Every structure is written in C-alpha cells, then in structure tokens.
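Structures given as structure tokens follow.
Paired with subunit B in one complex and with subunit C in the other, subunit A is shared by the two complexes that follow.
What follows is the complex of A and B.
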C-alpha cells in the first residue's frame, strides 16, 4: 500500500505535510528562510534546524540522534547557499510510532523504523514551503527476515521477527544519502538491501516513462511522491487555468 | 524568530472600529465559537481538537512507576505542554515562552488541581507501585484560543484513554497487555472546561474564542474554568485593564452555557468513537468490569 499523504494540513507554517505508512505517522512543518539567532548564524549558508518531537514524553538522546541523522540527510538536498545568514526550520512531530516507541521491537529498531517516515515527511514539507532543493529525495525501510528475504516497507508483524532493519534514503540520480541499519547482517545482504531500497526510492518519484521500466522489477513501483506533488502543483495552478 | 509579528496599526484600528459597530471580522456573534471539531486517533488516548484554524493534539500515556514516599495512596498525573515551532515560528525550542507558561498553569489549575482525574485509583500497591499518567499537549496550529482548545482536547483524551489492567497477588503485580485483557477507563470525577473572554473598550465588549489577531488587539482576558454543574475550578485574570466585578459574574453565566455545549460535544463524540470500535458488539463482553 502506498503511503498516505496530506499536503499543507496546517495554516501557520510555510510548508507542512503529514506522512502515514504502515508503521508510523509524522507531521512535518517547515519555516524558512527566517531570521537566525546570532549564535547559529553561518556566514555563507543557511542554518538548517531540525526538531524531532516524540509522540509521548519530552525529547531525549534518541530524538537528538534522529535530528543529527536528518540534518545530514536534508543538508545534502536543501540549497543552503541560496540563503546565507538565514534559518530554515524543520519541525517534525511524531504522531504514531510502531509499537509504542519501539519498546517491544528490541534495541535500536524503533529509531531506525521511524527514520524513513521522518525523511519523507520533511522532504514533502520542504517542497510545500518552497525551499529550494537540489533534487528530490525519498527514503524507505527494508527489513531482512529470518530466511534472508527482503521486505520493502514492512508492517509491524515483519518488524518483530526480522533479522535486521535498514533505513535507506536515495536522492534523484541514485546517490545514497542515508543508510542506518540495525541487527545482524553481512556485507552481501547489505548490498542487496541497498539495491532494492534504491529501486524503491527512485520509483517514488520516477516519471511515467521510467516508471514502466521500473514496473518490470518486483518492486511496488508506484510513483507516490510524484503523484502527490503533481497534484499539489495542479491545485496551486488551478486559478491560472480557470481564467 | 524571537516573537510573533505585531499586527499593523491599520489592521488593529479596523478590528476595533468593527467591534465598536458590533461586528467581528469573521462575521461571528460576540459569544459564538468557531467551528469545533473533535476527533480521536486509532490508539486510545489520542484526541485532536480544532477551533477554526487552531489545532491541538493531546496524547495520554501511562507507565508503572514507584509511588512517591509522601503520597503513598496516589498515582502520578502530569501534563506537559511544550510549544514547538510547528504552531508558530515565534515559539522557540527549549525556551519557555509566556504563552507556554500561561497554558501550562491554566491546564494545571483546571484539570490537575481541581481533582478531575482521581489519582487514588492509579495506585497499585500503596507506597510501592502506581501508574504515572502523562498527557502531552501538542499545539499544532496556533490561531488564538489555545487554552480553550487544549483544555477541550485534554479532557477528551483523558476520557478516551484506557490504562492497562493489572492483578495483585500478594507482592506480585501483573500488568496485562491490551491483547490479554481489555484496558480500563480512567476514573474521572468531573469534566472541567475552560472558556476565555477577551475584552475591549474598557470591558464593554466581551469576545469568546478570539482569533490570534483579536488576541493581539485585546485589552485583557478573563479565563474561567468550570464543569457542567457550574462549579468553578479557577478564574484567572493575569494582566490588562481592570474589569468590573459584575461583568465577571456575567461571564460566568455565559461560560456555563458554553461548558454545557462542550460537555455534550465530547460525550457525543466519545460515543460515536466507541460505536466505531465496537465491531460486532463484543465490547460489553470484553469489559474488565465483568465478573470472572
């Protein structure tokens, strides 16, 4: 099932999006460019500020780690040099998490499992907020089951019994921008995982022509991200066409 | 961004002139609320309230903790209100804004200190184990009346939440997973709601459910919390121009009307949600209150 997305659910932020998949729901809001505090100001580029807020409780080391990972990922696509001495603020509110914050999933799994949703929500909100991006980006979760089978975008049942979990993000062009893994796996498995994940990521925003080529593989190749964004652009331009 | 942008002088003058002519900018009556929308999540204890554009999500969760030494027979109940830049870029992370202090104080007084939640029922073994119920208030969109919306969402979430069932055998405590035993509702003693009045023109104009622009132009506010029986939990008037005692009494009558509406709305929505969950009519049999 493709993920469900609402674009611009909020009125205050410049860009916002909710992203719901089988495991988690994340609400993202983007404000920018804003005035930056003197302490965080960078002379040649925009400061990228990421806040992750958990569904229950206050943020701790876990959220700081997620923020650090997201910062590196988003900085690779946001055109930070366009807005020197400014601030781009990305706030992410986790609304629903797999099995109550990953408590029943084993160490580290809950964090990795929520990462793709955070990345996808942030990217959609950035696009909605009109923040300049170098190119598209999408992320996917891949689970390796007990018999070595790969499951792209797994459900909770798969998560509980899997050997390892991998959160992978790819930019347009196929560049790997995020790779966070947990569990037991070897290099061969990891290579397979990255290949599968790359296909799935690129399929999310593949254009129609490429899409057919992708559909030959066994990956569920629905360009959900492209569909959502195309629809948004069409809505935004509706006034132009009606006059 | 350190603070909210002030409305322009023209915008302020326009709003005030309109109020003098008994008109609100969005065409509502002075004592009319915006469209109230309340929805519940798939999990127990997640409620989202919308007042016009204002949107607040509350999530109630619980865990088992050690009971505090000085309150042996009580569980713990905390409300956390942390405003994030999602609501408005003016809210900074890690720094308490005045709006945040106000919101948490009012919620604390309205719900915790009025004893809305029976904390004694959260005790498992006196002095040893108890439930810690925490309510996280997430303000998602800020367009005025934060306190009213948060209070509504919080009460709805508390009424919607179910804590896990447990069994005590001597010193042993077994907490049951929701799959093993149907979780139990929290015991609420009453349902207080908060109504905020903004006043203008030396208290001659009283507005209910102000939008952000109206909040920025007002001379002061009076916040009244009460339950549907008219029992007042708190009245707060922190700053602004003085108001007449008679008009505060008047506010209370109006607040009671509104609180009754809120109460009815929350109960109707809860019933609706319960019906949605009750697939095949098996809920009554699953209830932990039944004899075993």
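What follows is the complex of A and C.
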C-alpha cells in the first residue's frame, strides 16, 4: 500500500503535510524564509532549523539525534544559497510511531524505523512551502528478515524479528543521501539493500515513462510522491482553468 | 621575519590566513596535490593513532583516557544499585534477557562537551544538541551491539533450604537488585571526531570496570557490598565493536555543473575538516559484521566508497583488538 499523504493540512505555516505509512504518522510544517536570530545567522546561506517532537512527552537526546540527521539530509537538497541570512524552519510532530515511543523496539531500531517518515514528510512540506530544492528526495525503510529476505516498507511484525534495519534516502539522480543502518549485516547485504531502496526511492517520484523501467513487481513501484504533488499543482491551478 | 615589513605586499597569504579566510579552497589546494595530503600532514585515509590509558580515576569503578591526536576524552564508569522493588514498571515475563538492560535503562551514557574543550562549546552551558546526540548515539550502539550480559548486572538471592523442603527441590532464586552503570564521558580537548574517541574510551572503561561483590542480606533486607578489592569482579563483555568516522569533502555547489564536482573521503577528520565537510559516514564493526552505518549529508559516498570505508574500519578494528589485549 502506498503511503497516505495529506497536503497542506495546516493553514498557518507556509507549507505542511502529513505522511502516514504502515509504521508511523508524521505531521510536518515548514516556514521560510524567515528572519534569523543573530546567533544562528549564516552570511552566505539560509539557516536550516529542524524541530522534532515525539509522539509522547518532550524531546530528549533521541530527538536531538533525529534532528541532527535530518538537518544533514535536508541541507543537501535545500537550495540554502538562495536565501542568505534567512531561516528555514521545519517542524515535525510524530503522531504515531512503531511500538509507541520505541519501548518495544530496542537496539536503535525504533529510531531508524521512524526516520523515513520524517524525511518524506519534511520533503513534502518543503515542496508545499515553495522552498527551493535542488531535486526531489524520498526515503524508504528496508528490513532484512531472519532468512536474509529483503522487505521494503515492512510492517511492525517484520521489524521485531529482523536481522537488520536500514533507513535509506535517495535524491533524484540516485545519490545516496542518507543511510542509517542498524543490526547485524555484511557489506554484500548492505549493497543489495541500497540497490533495492534506491529503486523504491526513485520510483516514488519517477515520471510515467521512467516508471515502467522501474516497476519490477515492487509494492512501492507506484510514483506516490509524484502523484500527490501533481494533484496539488492541479488543485492550485484549478481557478485558472475555470476562468 | 624582519624584512616582511619592508618587502612589497605580495598577493599571497601566510598559510594560517589562507586557512582562516577560505577554509574550503585551502583544503582543496592540499587535496589537489599529486600526492593528496591533508592540512594536518596526514594522507586522506590515514587514521590518527589512539593512545589509551585505563584505570586513571581512583573513585570510579572503571575509567579510561583516550587521546586521538588533539582530541582527548575521559570516561568514568560508576555502578549504582537499583533495587528491584523500586522499579516502577517491572519488565514482564516476555521481555527477553537481551532486552532487559535497555528496558530497565541499566546503561546511562552521558557526553559532556561544555568543558572548555573547544571554542564552539562554551564551558558551563547546558548540553548542546551535538552533545545530546552523541550521548544518544553511544547509548544506542551499546544496546545494538548487546555488549553486556544481563546476569553480570543482576544481583539475585537464593533462599536458604528450609527443613520442610524435599531433597530434590531447588530453592527459590529471586532478582533483588540491578547494577546501573553511569558512563560519564568528558571531552577535555576537542579536535574533531569526538564520537570515535568517546566510543574507544567507553570500551576501554567498561573493560576496566570492576564491580564489588554485592549480595542481598535477608536479615537487614538490604544489599550489602564487599569492601575487599579481591571480591570485585570484572564484566564479561562480548567482542568489542569499534567505530570509524569519515568526513567527505566535496567541491559540489548548486551554482556549478554537477560533473565538475570532486570529492575526497577523509578518515578520522579533525575539527577543521569537520567544519567544512557536510557529509559524514560512521561505520561500527563487531568482528566481520557491521552493526551500524550512519551516513548522511550528501550523495558522494556510494557503494565503492563505502567498500573502502569498511575496509579501513576493519583495519581499525584489528588494531584495537591488539591494543585491547595489552590494556
């Protein structure tokens, strides 16, 4: 099942989106470019500020780590040089995450599992907010099961018994922008995982023609991200056609 | 140096000025040499040699000082007793032995960067975002590698055999308390790659940790610890994972053609390199298995570069196994 997306659920921020997949739901809001505080001002580029709030309670070291990862990932696609001495603020609220608060999913798996949803929600909100991006970006979770089988976008039951878990994000062009892997694996498995994840990520925003080449019976082969964004553009331009 | 004032002002800067004014072109100029070299004089794939000292702190159960170039880190491990009766939500039966350590939070790592270790972190400030995320990464890797055995950290009590017990009946054994290990990591000098140094310090300190013999005293209904050093025992650790961090320097910019961009992978980056490199890779190895890969910030490291990183990381692992034997 492709992820469920609502574009612009919030009216106040510049851009917002909710992203729901089998494991987690994330609400993202983007504001920018805004005025930046003197302390964070960068002379040649926009400051990117990421806030992650957990599903329950206030954020702690775990959220600071997620923010650090997201900052590095988003920084590589946002055209920060377009808005020097400005601020782009991305706020992410985790609404639902696997095993509520990561208690049942130990060993760093809970955090890796929620990362793809955070990245996808943030990218959709950035697009909605009209923040310039170098290219599209999407993320996917891949689990390696006990028998060495790869599961793209796994469910909770797969997570609990998996050998290793990989959160991978790919930018348009196939560049591997993020890979957070945890578990026990070797380089051969990792290579396969990255290949599968890259296909799934690129398929999310492939245009119709490319899609055929990408589709190999995969669940994620549908260009869900492109469909959502195209629909949003159509809605936004509806007034033009009606007049 | 007296004649510099009289000579005509040239168009070149001293090295330090060049590095300060335009750090990225400075690093690029070094790496562009026929034999690429880093400003620190190291080759791109050269790691700094770690120096490890253990048992320097007398008031902790285990400690280590690790020096990695100009980065030095002190780690102290302190054991505290957590009474099983004081656990608010005791783990239920179906929690596996392995998850017990994480579920009860028996390992508490904390990284302190506000010690005046670097101008970027003001002393006395609350833990910065990077200190918090370092603490988290260390904790998560400790749990992911299932380093400690839960029975090392439990204090159980076997009831004495009573008279009305059959000869075959086993006496009841109950877990009365747990050892909580507070792992405090202080960075006393920071020149890049705090994570690797901190991780090495944690490993060496845990190896050095000796917990006193503790038992449940049924008459006093409390835990007693033996004051004798001979009774103290070390922890049984699984094979120690090692981490290796890489920074990726790239000349890519949205203002330039993508094909013009060049990139270099720098092993064990120092503070100067960390500041200008946006992409980073951390590989954690336990034997021949990878337990963690953290890679974010850019698209430069693909499969081939990762192969090289893992090869270098396994070299570091072997090196640390040798070092570990001598400590």
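Just so we're on the same page, the second predicted complex is superposed on the first by the 238 of 243 C-alpha atoms of A that agree within 3 Å, B and C clash if a C-alpha of one lies under 4 Å from a C-alpha of the other, contacts with A are read in each partner's own complex, and residues count from 1 in each chain.
The definition used in the following text is that a residue touches a chain if its C-beta (ideal position, glycine included) is under 8 Å from a C-beta of that chain, and two chains touch if they have at least 3 such contacts.
These figures come from a predicted structure and were not determined experimentally.
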Which superposed partner A:12 touches (first subunit B, second subunit C, both, neither): first
Which of subunit B and subunit C A:93 touches, first, second, both or neither: first
Superposition-derived comparison: subunit B or subunit C, residues of subunit A touched: C
Partner chain(s) touched by A:55 [first = subunit B, second = subunit C, both, neither]: first
Subunit B versus subunit C as contact partner of A:31, first or second or both or neither: first
Contacts of A:194 with subunit B and subunit C, given as first, second, both or neither: second
Doubly contacted residues of subunit A, that is, touched by subunit B and again by subunit C: none
Residue numbers on subunit C that touch subunit A, as the complex places them: 99, 102-103, 129-130, 132-133, 135-137, 139-141, 143-144, 146, 253-255, 258, 278-280, 286, 288-303, 306-307, 310
Subunit A contact footprint on subunit B (complex, rising order): 1-2, 41-43, 46, 53, 55, 57, 59, 61, 80, 82, 84-89, 93, 134, 136, 138, 140-143
Of subunit A, residues touching subunit C in the complex: 60-62, 64-65, 67-69, 72-73, 75-76, 79, 81, 103, 106-108, 111, 134, 171, 173-187, 190-191, 194
Interfacial residue positions of subunit A with respect to subunit B in the complex: 10-13, 16, 27, 29, 31, 34-35, 37, 51, 53, 55-58, 89, 91, 93, 95-96, 100
